[in-house]
Amino acid sequence: MMAKCLDHLRSKDGRWNASLALLTAGMVALLLTILLFLMSEAWPFLISADTGHGGNRLFTNLLQNPGWYPLEGRFGLAPMILASLAVMLGAILIALPLGLINGIYLEFYASAAFARGFRLLLNLLAGIPSVVFGLWGLTRLVPWITQWQPPGASLLAAILVLSLMILPTIALTSASALASVPRELHTGAIALGLRRTSQIIHIMLPAARSGIVAGTILAAARALGETMAVLMVAGNVVQIPATLFEPVRVLTANMALEMAYAVGEHRASLFASGLLLTLVVWGLSWMAYRLGRHQRKFARHD
Amino acid sequence: MFQRLTGLLLAVALCLSAYGVQAADNRLILTGSSTVAPLVLEMAKRYEQQHPQVRIDVQTGGSTRGVNDTRTGLAHIGMASRNLKPTETGLRVHTIAIDGVGIIVHRSNPISSLSNTQIIDIYTGKIRNWKDVGGRDLSITVVNKAEGHSTLELFLNYFALKNSQVRPSIIIGDNEQGIKTVAGNPGAIGYVSIGAAEFSQARGVTIKRLPLEGVAASVAEVQAHRFPLARPLNLLTGKSPSPLARRFIAFAQSEAVADLIADQFFVVPR
Amino acid sequence: MMIDQPTAAYTLGEMEQKAACCVPSPILQVRDLAVYYGNNAVLADVSLDIHKGCITALIGPSGCGKTSFLSTLNRLTDYHPGVQVRGQILFDGHNLRQESVDTLALRRRIGMIFQRPNPFPLSIRRNLDLPLKEHGVRDPHLRKRKIKQALKDVGLWDEVCDRLDSSALSLSGGQQQRLCIARALVLEPEILLMDEPCSALDPISSRVVEELIMRLRGRYTLVIVTHNLAQARRVANYVGFFWMRERVGKLIEFGQCRQLFEAPTDALTAAYVSGAQG
Amino acid sequence: MIDRVFSTVVFAAAALVVAALVWVLTDVVSEGAARISWAFLVTEPRDAGRAGGIAPVLVSTLWVLVIALAAALPLGLGVAIWLSEFAPKQRGFAAYTGITLDVLAGIPSIVYGLFGNAFFSVYMGLGYSLLAGGLTLACMILPVFIRTCESGLRQVSDDWRQGAWALGMTRAAAVCHVLLPAARPAILAGLVLGIGRATAETAALLFTSGYVDRMPESPLDSGRVLAVHIFDLSMNVTGGDGAAYGSALVLIVLIVLLNGLAQSLVDNWFKRRISQ
């Protein structure tokens, strides 16, 4: 056995295999450290029993909304979870229809030259750092909303900034999903004498559906994980918003704001929210992956 | 290709560690209170001028961060704009200046004073419009500090409030952010370090300070021990600070920096 | 897309011509060979001799294990996870299935050509340069000479000598396949395995490659898998006929080309080759 | 009729989006261009960044980027090669590695910040430093980079692998000389993605590289990167918006330039591998 191993190491491929596998193992160890570390830091929060109300603390914290007042030992994550979801859903609600229509525009309406320019613009904007969107939101959008309905820094501001941020991604992924629909399908629809609107709505969109959905889910994951842009424009008050104009604090912003000085259970609760976000974002990416695979299969079979 | 890359990485790592050994003796890292930071930054600049081989880095993040970083060793010296809590053991406190916490509003706001009850009512959400306290018809934007900042704790203590009773519209971190937020919103009210507020006003930022219990929120009143909401600005170290940290703290407590403290609108402790 | 011109330009001159076969002296002796994917046998009970300098064609319907058989001969099956080979393959009297065999050197002596032309996405020159370098030919002048000779051997030299540094993927399908053959020849192998070398090509390119195969006879030992019975009949000295029996590939009949086509001993063989004739 | 309504809607939506995006872009460009000068790029910031330039911030940004890429690229490429070429297919260790990578790619950047702070800054004793920040970013871009390169390598046609093996080339040689050049677009995409994320990151750096706005003397100094500078100027500095826009424009231009540079470097390197 030993001799065989040594023999193996003597060949060039064996050496490569061994050293690369070692490298991979090292990296996996490092990355696993990150996950384990997250879990171990969050552990006290996850298991601590609530002495006051009975039952598990985590459960209470998530569902009964005792509010987020670390100084008073109250760690209710519910308002921030709701805020995170509200911001994400709001952004998707705005960005999805607009992005989708822009994808359609790029694929079916824009002239070739204009489409190229438009794509360039979208690519450029997809690469712009979130902090720049935050800066723009803080100096343009927030004062604008303030005039209308103070305080300005609000759920609405966060939704608008985020939807601007994910719009280019959604438009580009929808356009490429539409482009990957087999050509025969389109020519077939034309040959049937369908109206252009029907071609797009009844033939092309359903065929490109899973690609579009996958792109949207990825955008949603990005919106959920975004920290800086939201932190800068959302006002960061921990509450369940009654209207669009009330400030909110999302989970990521909470970590950024409080991590510097959190200790004990407070710190554990921040890590727990990080863990929670990770799981949700991972679930979303996994869904996107499954849908993307479906799309590829579909394309291949035709 | 891979051998060469590995070699390169090793070389880089070696260089880095050499750097580290050389750099460690002459570097000082301070973190903590955003109230103390601007003052210490000026002190550090002067100290560096006198000792060119020394490098002092100052970062903010709130008093509690100063306490924590000093305890974990991330910072050589912590900055805190409050006294230590009973749970925060193992640290030494070195007071370098005195400051107050004052209420600020936008400069265009016609209100010239608020009673303590009015302030409490505004902060607990009972009063939501300036016209209820004699001002214009404009809804009030309540600016509150994030937890972990001693200015918040001082404010809550003074008004006997719990943070859960406060109904804020915006949560801010550093003093500067509070000033910026109030300066950009005509209906806003906030509370910040008096030193920081006076410093900003002197440069034309559109805020104004309101008196507290009839005492003007100014450096002079803090100095005269008349202003009710005053606090020490402290530097924190572990039980056995490095020689450099010791020297810097001695410098920060000496007469040589009295003018800097005055320039930043703080009070030299007696 | 360029189409190979069947003009004098490609004529495969300069190649050393030997007598068109064939003193029967076996270079490869396969005994009781079986190939398994996991627990399923795909090929069993194959025994045959490959004779030096001859062309051996393997015919039969798709999926009866011809390609698997070919890959065992240069131990490319080592790279296919889950594949097990049993039996004996003697190459120059040594069993090439032993652990101790240097597979890299073995594959230098037994080259392989695939169904789809697979030149690397590199320049034409580097496609030939790379294997030489990998097998330790350090002298650049020697490499240059060998590359030129190989390209001449496959009749590509005149077509590409002025653009050796352009991408190999810019060649037409037939040219790509000849480049792949040149890439195998440049290592001066003793045996060349060809897995349906013409089936992905247009008729004209196919003719050119076939002619090339004929020219290689004598200097190299060739084993060709083909579906084209007419082609097998044209080029081969020996023919092996594979067929599926109980979902396992078997060698039904093996023999001289003329004998197998004109007087097959097995009824199955007769039916298969006559189907092609009809 | 329906066609006309539909196309009107499409054109209107496209116009709206173009208008919004152009609004953001022109704001940043016009406000930023008013601030940018040669002096802005080469002087130290004064007065908390209201005056002066961004020279140390630029230097810190490049330091962090170089450290992150130097750590992530060789490691990532090595792991990707092992996963796609050497690992036993879809079984055991390799499959678990894939799952781990997927989970890690989904972690929000702020969480990497928390990890970097506790692991690199406190545990490894690097403190607030460019090195800690760069390594944290390396952890952040690794999963995505590995996944992109791995899938790029997997998509390389098996014909080429077979061809290389049949010529008696080792797996290692096949990877170096044939597969990597063939997977170039994916590697480039991974690189560009990594550069984009590393240059734009703010949250993960707040707690690792810190925000001292002085010229770093070594990677062990704390340093403020452009994104953090923009954040600090816009949040904490009254009258800092102009400088923030200036820095934002510099950051965008920097990202575009770096992407172009990466493209040409990768192209050049592979061109040399392809001909020769």
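Letters A, B, C and D mark the chains in the order given here, with residues in each chain numbered from 1 onward.
To be clear about the criterion, a contact is a pair of C-beta atoms (placed from the backbone, for glycine too) under 8 Å apart; a residue touches a chain by one contact, two chains touch by 3 or more.
Note that the structure is predicted; figures quoted are calculated from it, not measured.
J.: Would you mind checking which chain's C-alpha centre is most distant from the centre of chain C?
T.: Result for the farthest chain: B.
J.: Select the chain whose centre, defined as the mean of its C-alpha atoms, is least distant from the mean of all protein C-alpha atoms.
T.: If we average C-alpha coordinates per chain, D lands closest to the whole-structure average.
J.: Go ahead and note the Å separation of the Cα centroids belonging to chain A and chain C.
T.: Each chain's C-alpha centroid was found; their separation is 53 Å.
J.: Any idea how many Å lie between the Cα centroids of chain C and chain D?
T.: 48
J.: Please compute the C-alpha centroid of chain B, do the same for chain C, then give the distance between them in whole Å.
T.: Using C-alpha averages as centres, the distance is 80 Å.
J.: Could you grab the centroid distance between chain A and chain B? Build each centroid from C-alpha atoms only and quote it in angstrom.
T.: Centre separation, chain A to chain B: 34 Å.
J.: By residue number and range, which residues of chain A touch two or more other chains?
T.: In chain A, 260 touch at least two other chains.
J.: Indicate the residues of chain D shared as contacts by at least two other chains.
T.: 78, 170, 173, 235
J.: Touching at least two other chains at once: which residues of chain C meet that condition?
T.: none
J.: Please categorise the chain-chain contact pattern as a line, ring, star, complete graph or other.
T.: other
J.: With touch defined as at the top, which chains are paired up in contact here?
T.: A-B, A-D, B-D, C-D
J.: Give every residue of chain D touching chain A within the complex, in rising order.
T.: 2-3, 6-7, 9-11, 13-14, 16-18, 20-22, 24-25, 27-28, 75, 78-79, 81-83, 86-87, 93, 96-97, 100-115, 117-119, 139, 142-143, 170-173, 175, 196, 199-203, 206-207, 227-228, 230-231, 234-235, 241, 244-245, 248, 251-252, 255-256, 259
J.: Which positions of chain A touch chain B when the two form their complex?
T.: 19, 67, 69-72, 74, 143, 146, 150-153, 235-238, 247, 249, 257-258, 260-263
J.: Tell me, which parts of chain C touch chain D in their complex?
T.: Going by the criterion above, the answer is residues 74, 76, 79, 81, 103-108, 111-112, 114, 116, 118-123, 125-126, 129-131, 134-135, 165, 167, 180, 183-184, 187.
J.: Going by the contact rule at the top, pick out the chain D residues touching chain C in the complex.
T.: Residues 88-89, 157, 159-170, 173, 177-178, 181-182, 273-276.
J.: Flag every residue of chain B that touches chain A in the complex, lowest number first.
T.: 2, 61-65, 67-68, 138-139, 141, 144, 146-148, 153, 162-164, 168-173, 184-185, 187-188
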